[in-house]
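You will see two complexes here that share chain A, one where it goes with chain B and one where it goes with chain C.
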Partner chain A sequence: MSARLARAALWITGALVAAWLVAPTLVVIPLGFTDKVSLTFPPTGWSTRWYANFFGDPAWTAALANSVLVGVLVAVVATTLGTAAAFGLSRWTNGRGAAAASVLLLAPMIVPGIILAIGIYAVFLKLGLAGTLAGFVAAHTVLALPFVVVSVTASLRTFDVRLETAAASLGAGRWATFRQVTLPLITPGVVSGALFAFVTSFDEVVVSLFIQSPTLVTLPVQMYSSVTRETDPTLAAAATMILVLTTVLVGGGLTLAARRNRAR
Partner chain B sequence: MAALLSPLSPSGPAAAAAPGEKGAGSRRGTRNWPFLLIVPALLVLLAVFAYPVAQTFVSAFTTPTPGTGNFAWFFGSPANVAVLTRTFSTALWATVICLCLAYPYAYLMTVASPRARAALLLIVMLPFWTSLMVRTFAWLVLLQDTGVVNGFLGLFGLGPVSLVRTQAGVLIGMVQILMPFMVLPLYSVMSGIDRRLLTAAESLGARPLVALLRVFVPLSLPGVAAGATMVFITSLGFYVTPALLGSPGEALISQFMYTQVSGMLMWGRGGAMAVVLFAATLLLIGLLGLAMRAGRRSRASAR
Partner chain C sequence: MPVDRPEGAALPAGKGARIDLSGMTKRYGGAAAVDDVTLTVEPGEFMTFLGPSGSGKTTTLNMIAGFTDITSGTLRIDDRPVGDVPAHKRDIGVVFQHYALFPHMTVAQNVAFPLRQRKVPRAERDRLVAAALETVQLPGHASRYPRELSGGQQQRVALARAIVFSPRVLLMDEPLGALDRKLREFLQLEIKRIHREVGSTFVFVTHDQEEALILSDRVAVFNNARIEQVGTARDLYERPATLFVARFLGESTILRGTATPDGSRARLDLDGLAVQASGGVRSGPAALVVRPERLRLEPDRPDAAGTGGNAVPVTVVEEIYLGSARKLEVLLPGGGRGLVREQAGTASDLRVGDRARLCWHPDDCVLLPDDPTTERIFT
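== the complex of A and B ==
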């Protein structure tokens, strides 16, 4: 009886924690459809005027376009660099060198974001990269690389190296082997790495706050500065769209990762 | 991270021994091809990560004048030291609260059915990837004086309690955002614990709760250490959540760094605080490594 009670208590605690993890964020969805000018919850009437406001305001639409552009470029660059690095690491026979390289590859996950932000800001100011598209892509690529490396490394771990040996014994060169044998088999890891890279860039705030310029602002930066200025339900509309987009992308990434695990 | 590094090194010899390789001479020329694949990523990291971070540290000792003036400035003012202690105490509280909430959750994941476990895992992973900005904004709306939380408290005749612009508000927001960093290491260690040990303890007369506390909890400590370190380190460097949910009068070190550098262009001071923050981070990672090694050794000798 007490065992059943303990189990019930455990499930109730788990359910409460789960609700607390997910529910608070969802509050932004109804707020985006409110008909009031204030962020009062629950809304008393419904309208889509804040979405109209979002798409009618060049500040918001430009920020959205910038974020998507930077995110796509970061996904392409980080996935290319990260996949090559993960593949190289898994085949490098120099164990100590590989360990040192992977520490550097994963270090951006550990170094506090504010330190990196200050450093990048100083360097970019000197090089004239602050507030440029190239600067945003370079900074976000560094932050996204670890996620690509982790994701692709996990796929490579389950990859049977003998398949490469077999391809090579049949006369395939190294590049042909990679293109036709290895890459198709690690695609789920590469794609989920690309999705995580996009989302990392799309959500990044701290570094972007430093390197933004009046002509180049990303969506989270635009949100940050409007939060500190006013409370306008357009923010909730923007938040809802970010929420839906990242949830769909990450849901896809996690599904691919799960499929990879099942294949094992 | 150790789990990540270990599988990276082997399997090379098998690939290198592939038939179809030509003479020894050409092999020597191409032996380093895996390294060449890592080079582009390493170059980007050196240029846009290692160099800027190193430069920040150097500026602490050189800007505006060479010497340790920036550190003397930082540690010389009680207000600045208060920022540092507040940062550490906030991080400590966040870690403790995270642990109290994450432990039962991770335990539940190990006893749940596979489908329930997948759902519980998804519930942890989705917030991990949900925009920090969106979640902080949601907390701002919920915690404001006229927000949902205060409306709820009002039903019981309580409040309004001011939550926004207080340490409590910062902690509520931070803990929710940091939960995945605690749950995931805990779960990965707990799922490796042999549950038959609990059955064995109970068959020897231990009551279930005693068996849990004396057998399961000690075995889960590596997960606790890893999760606590991750949460603590991450909260030391948190910027967005404290900046939006906290009070400007009770800034944490990251906010202080932001105002010194972005507002006042005091690069050296920002650098000095970066050195302090990074040293604390490294120290904690080092301590975690030592604790893990000691734990592994004592477990090995117990066997």
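== the complex of A and C ==
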């Protein structure tokens, strides 16, 4: 009886916490479908005009295209580097060196974004990277790297290293072994790392605000300037689309990874 | 051995390579895992490394495979030094106790793996994979995944994968260790057949002495990072070189005393008793080893005539009935236990509690330097 009560209490607490976390996010959905010219909640009438406005305004569509391009490039670069780093860390026999390197790799997760942003801005100004595509990709990769390292490291922990010994005995060199044996078996971790990297870049705002240029604005930056200039419900429409896209990507990716893991 | 199978389905029978180990040593920190091992495995031979766990047999195998660096000594395969050749270039097949099949590949893809590394053309590859699966008697499972197979079937796939590229050397590290007894005995015979068919040099590691005797042309007995003796099953059983080998392989009765050379023979003095053994011996503490089937029990009658052989007074303390034979455990004069095997037709009528004389011929025993360290291992 008391166990059932405890379970009920757990469920209720869990539901409350989830509602607390998710509700503010969900509020933007009806905001984007309003027929008024300002952000009003609860909405009094329905319309899709703000979505039409979003896709009709080159400032918004260019920002979306930039964000997708940067996100995809970051996913590729961060996944490659992060997978290599996680693999290296897992084989590093000097425990202390490996621990130090892993703290360094995970630091961007802990260092406050604004500090990172100021540092990156200062360096990028000097290097002429501010406001360039390469600059955006480099800056976002730093932020995305820890997510890839964490998820690939988790995958490598369940990987049986003895399979690599077996592959060597069968004539496969290091690279062939990695390509044909290790990588396929840690794919779930690599894929979820790539998704996290994309999403990290896609909704990054602090660093982007610093290194943006009039010719290169990402979607979150465009949203931020929109909210400071006018309170146009297009903003809510954009927010809704980001919300749906990231939820589908991360949720879908994690389900896929879980299913692949179960199949083994 | 002719086996009925379709034309062209057989793996090409190759010739085994000779493996020369000379002064091979592996140290971890200060401790030697393998200490100065010298051994030649003849082409096409079935050699087994036998020993308790931690005796260095697997480390030696790993050095041959290239998984473990050699601290000192040389390793030659067909007279070519291979100590510095990386594992993937040694062309040696390896079968592991834990199978080590690739879980994301089908059986056929697993077996094709070594051929893909060697850029064997598609058609040839398919033919060899089919032949290898045929050899391990596992056709029709090609498109299954390893997780869908039983342990015994998985080990057959691992075996097929290790022989499909016709390596001249095949190493096996306790390949049957994870299987139950019945399946193990069956696969032992299979491995023997495959050895005959493919003609490679096989090196097999086990801690199971029975398995070693069944499979091998010769056995190398490892103890404490060294090889104690190399020989055929018969050599090891009938002429053990050390007390360790005598005790590790098969059962025996051991009498301890002081040895002195005595003409062409040797004498062993126990408390108040003397027995003889053939062959020379160094003076000093020694252990006399006799196998159970070489011992005979005679009723302890005062009128019994000396047969010219050895005789020791004992008491029967235990009888084990085995159907075709019986084993009697006897209490020796020094306080130790002895073991006598009597065939069913010729058994004595002695019972537990009877006093008897334990007899054997001096040629049927070996006198070895005593080695107190074996007490730690065997008791």
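In this section, the second predicted complex is superposed on the first by the 240 of 264 C-alpha atoms of A that agree within 3 Å, B and C clash if a C-alpha of one lies under 4 Å from a C-alpha of the other, contacts with A are read in each partner's own complex, and residues count from 1 in each chain.
The criterion applied here is as follows: a contact is a pair of C-beta atoms (placed from the backbone, for glycine too) under 8 Å apart; a residue touches a chain by one contact, two chains touch by 3 or more.
Keep in mind the model is a prediction, meaning the values are calculated, not measured.
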| item | value |
| --- | --- |
| Which superposed partner A:102 touches (first chain B, second chain C, both, neither) | first |
| Which of chain B and chain C A:88 touches, first, second, both or neither | first |
| Partner chain in contact with A:203 - chain B first, chain C second, else both or neither | first |
| Contacts of A:176 with chain B and chain C, given as first, second, both or neither | second |
| Touched partner set for A:74, first chain B, second chain C, both or neither | neither |
| Which superposed partner A:168 touches (first chain B, second chain C, both, neither) | both |
| Which superposed partner A:217 touches (first chain B, second chain C, both, neither) | neither |
| In the superposition, chain B vs chain C on chain A residues touched | B |
| Partner chain(s) touched by A:184 [first = chain B, second = chain C, both, neither] | second |
| Chain C-contacting residues of chain A that also contact chain B | 162, 165, 168-169, 171 |
| Touching residues on chain C, where the partner in the complex is chain A | 65-67, 86-89, 91-94, 96, 98, 100, 102-104, 113-114, 116-118, 147, 161-162, 165 |
| Residue ranges of chain A touching chain B (in the complex, touch as defined) | 3, 6, 10-11, 13-14, 17-18, 20-22, 24-28, 31, 39-41, 81-82, 84-85, 87-95, 97-99, 101-108, 110-123, 138-139, 141-142, 145, 149-150, 153, 157, 161-162, 164-165, 168-169, 171, 174, 196, 199, 202-203, 205-206, 209-210, 220, 223-224, 227-228, 235-236, 239, 242-243, 246-247, 250-251, 253-254, 258 |
| Touching residues on chain B, where the partner in the complex is chain A | 1, 4-5, 7-9, 11-16, 18-20, 31, 33-38, 40-42, 44-56, 59, 101-102, 104-105, 107-108, 111, 118, 120, 122-127, 129-135, 137-142, 144, 146-148, 151, 176, 179, 208-209, 233-234, 236-237, 239-240, 244, 254, 257-258, 261-262, 267, 270-271, 274, 277-278, 281, 285 |
| Residues of chain A that touch chain C when the two form their complex | 160, 162-163, 165-173, 176-177, 180-181, 184-185, 264 |
